[in-house]
Amino acid sequence: DQPFVLFGGMNVLESRDLAFEVADAYVDITRRLGIPYVFKASFDKANRSSINSFRGPGLEQGLQLLADIKAKYRVPVITDVHEPWQAEPAAEVCDIIQLPAFLSRQTDLVVAMAKTGAVINIKKGQFLAPREMAHIIRKCEEAGNDRLILCERGTSFGYNNLVVDMLGFGQMKALGVPVFFDVTHALQMPGGQSDSAGGRRAQVVDLARAGMSQGLAGLFLEAHPDPDRALCDGPCALRLNQLEPFLKQMKAMDELVKGFEPLDTA
Amino acid sequence: DQPFVLFGGMNVLESRDLAFEVADAYVDITRRLGIPYVFKASFDKANRSSINSFRGPGLEQGLQLLADIKAKYRVPVITDVHEPWQAEPAAEVCDIIQLPAFLSRQTDLVVAMAKTGAVINIKKGQFLAPREMAHIIRKCEEAGNDRLILCERGTSFGYNNLVVDMLGFGQMKALGVPVFFDVTHALQMPGGQSDSAGGRRAQVVDLARAGMSQGLAGLFLEAHPDPDRALCDGPCALRLNQLEPFLKQMKAMDELVKGFEPLDTA
Amino acid sequence: DQPFVLFGGMNVLESRDLAFEVADAYVDITRRLGIPYVFKASFDKANRSSINSFRGPGLEQGLQLLADIKAKYRVPVITDVHEPWQAEPAAEVCDIIQLPAFLSRQTDLVVAMAKTGAVINIKKGQFLAPREMAHIIRKCEEAGNDRLILCERGTSFGYNNLVVDMLGFGQMKALGVPVFFDVTHALQMPGGQSDSAGGRRAQVVDLARAGMSQGLAGLFLEAHPDPDRALCDGPCALRLNQLEPFLKQMKAMDELVKGFEPLDTA
Amino acid sequence: DQPFVLFGGMNVLESRDLAFEVADAYVDITRRLGIPYVFKASFDKANRSSINSFRGPGLEQGLQLLADIKAKYRVPVITDVHEPWQAEPAAEVCDIIQLPAFLSRQTDLVVAMAKTGAVINIKKGQFLAPREMAHIIRKCEEAGNDRLILCERGTSFGYNNLVVDMLGFGQMKALGVPVFFDVTHALQMPGGQSDSAGGRRAQVVDLARAGMSQGLAGLFLEAHPDPDRALCDGPCALRLNQLEPFLKQMKAMDELVKGFEPLDTA
């Protein structure tokens, strides 16, 4: 029961300046709080609602920026890939590469990612039961990679809504891999706004506390200095100036829960 | 932010001896832990799957037993009512009377319960959104009773399954009444077994921790000395011999969460 | 494979004049179309959102009105009951008594209804899987009544929405009892409007056609001469002046489907 | 209101012989019944549960086989693509290219497909509301292609289950594009079997009738001479020897429904 790791950063690499501003805040705060930290940002948002939505700097520029952040702050970095050919270059820079939820069953992508040898963060598809993640774990293992993380990010619940099934964390932990919680994307209300994914920023603390209560390997969080002006998923992002008190609470919750003796109630 | 209250006891009044055994354990443990306590048991299970399922001692005998427990242990008691005529006699003995989830929209029952002046514990129907509870609160208030509690117990999620939407707690708290969490019934898998509601006892700690992480007014819990032999809902009941370590964890969680400063993340 | 029966009428007995106007239209049209017909109306809406919502004329006046319609038009009548004591008087007038969806698991009500010997129309609870209806059928049979009808009216699908699972009709038919479809209530959007159940009147033909395609024993339909002024569930009601073309389509669909040879595709 | 088009064939191109056997049956039957027909088969199953599951002959061999079938039978052909680079070669052979449901929001794939100028069959993601399809239509149009088809294939409903919302067809038709129904994949029970998608072949007629009752532009259907030995999705496939009576029913339903006058019930 190690302390939780934070995959924290921003949704998409909006600009070099913003990326450093965000990384700076995360690095400073997590160092002071003693939280193991990995910088997260996307170089491309590959499934926006509109073809005209902002997508990011692309693979080459994006990876360069991630490499620069890694070098400056000496922190591991994570990013998501969307097609098999992106896995190899992404893994050259990133310590962890992420399999997107919608793509979590695409065999070629899984295999390409597995072959890099990098740690893979598997986002759980909104259409998948927790126990179905066993198939994806096995796929990665068959492709020669068992350095895996499962990441909950909500399940389809009727139309335009996601729900986080708290029983799913325990069921995924039973599969024998570290389980993370992407509280930011679990707050989405898919299609709930005209042009972009709606969100429920006001309840990010509620949902994050619930996740931390389960004794997780890690938390995935996106923040932004001005969420209302964020170029993607702003409605779900934490205000950067609340990162420190937010993380203090999560750390306290994590320490408490991991200090509990296990109870066998079966 | 008062410490949480425990509505704890057994599913149905199986026998006088068992009721006292269970009450004894709860009273002893909650006194030592300093947890405000209300004894809960049903005199009748009115919606069992089969006409041959055990239902309980009935109104008269059941209320007498609750009165005896109340007198012996000097604790408040709560029970559920199913038809309007039961509200008045139940409220003569019980400090709190409970509106069942399936019946939570039955106007005559709501009004009869409201008229007693007793506190009403409103179980949220499995078919209701958190914000729809505003209608039921208003119904009670229109009937002259504003001593109300809302109690989450899971929402229909596909067939034969319930999910607890953690965002619902905050939405119900915003309605201005105390919010409880019935972790026992939220564990049900409706219709999941041939003759009785299936359950997931092994994950009761997971789900209870998640609920407590939300800073609730109270927890609703059923325990049994031998859940496999319980006459109703055994698959969801906590083993009575684990009540103390279970409650210690819940109390620690509650204290931690209620000590946090509120964060405005909107 | 008999032709489908129509349980048709109005939501609630708003007034004597309106009840006769509605019955008149149904009787006239179904006679001309050769559709077996049962008049449906409620004497009491027992689970409105507000205590101030219109509920109806009550048991005594309502049953008198149903008896008058039965006498004048020589058609069977159906109404719903909400508490055990209502079953006996309702069955004295009505040929069919209806178990409401929210109450479909209340044993005392089921038993009281079964004891009358009347045909029972069991509305499927929004929280029940089709195969769980086997429990309710067995309850009725154990209480000595096997003159049963199952009636689909939609299943909870996320918040404030219902979905009709077309596979459920076949699963319920396999239980050996006639299966009806309440297309009107299946159109509800629960809690979707401030004070009353929202609806989707514009799609009533779509949903009714889908139901009829399954070869059902019957259709349940509510109509109103002016749905926007209906005192309950107007958003789901068919305009009375469209009843005839609507039923012509349903009859044509029913005849076609019941003329098909069964295909064993297992 | 043209007669419905059939996208019919087999799940995956298991072998040359089998492909011709299946095409032969479809072509023969649809010609006799006068049903406009497009041959469908996949060259690659890109999201199987296991890395060891059969995937198909791959792009090159698969497209050659599709070209041969097209040449021999003079029927249009459709296949699905999974990565942007596959769109162009697929469109050289196929009249219609299909966007898979899990990938229905991947912008690069949508754009690559749109640029080919081929008709695009957009499978609705299991995680999408019918009205969200407007975003995907707009994406295609922005990329210069408005020759679009929407195809329902079921929506996530709890875990390991799909439901077809009959109201969704009308909502998608209102978006102004032809709407098809993939009855085969809508029968899936995702993850319901150990190694492959479970199915409900026994109810294919029920579900197909429901779809046809909505007056659709087309039906999507997979059949197999021996579904229990099919290399993918056998549990959902129609037995090939039942194709003719099945299609006769669908054609009769289609003709009836499209002969109905539209009723404005809003």
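Per-chain numbering from 1; labels A, B, C and D assigned in written order.
Here is the rule we go by: a contact is a pair of C-beta atoms (placed from the backbone, for glycine too) under 8 Å apart; a residue touches a chain by one contact, two chains touch by 3 or more.
Given the structure is predicted, the values throughout are model-derived calculations rather than measurements.
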What's the overlap between the neighbours of chain A and those of chain C?
B, D
Quick one: compare the interface residues of chain B with those of chain C and tell me same or different, with half as the dividing line.
same
Specify the chain most distant from chain B by Cα centroid.
D
Chain centre separation (chain A, chain B; CA means) in Å
35
Chain-centre distance (mean CA atoms) for chain A and chain D, in whole Å, is 33
Note the residues in chain C that touch 2 or more other chains, in rising order.
155, 157, 159
Would you tell me which residues of chain C are touching chain A in their complex?
157-159, 161
Would you pull the chain A residues touching chain B in the complex into a rising list?
155, 157, 163-167, 169-170, 200-207, 209-210, 212-214, 238-239, 242, 245-246, 249, 252-253, 256-257, 260-261, 263, 265-266
Interface with chain A, chain D side, in the complex: residues 46-52, 55, 82-84, 102-103, 105-108, 110-111, 125-129, 131-132, 135, 138-139, 142-143, 155-156, 159-160, 190-191
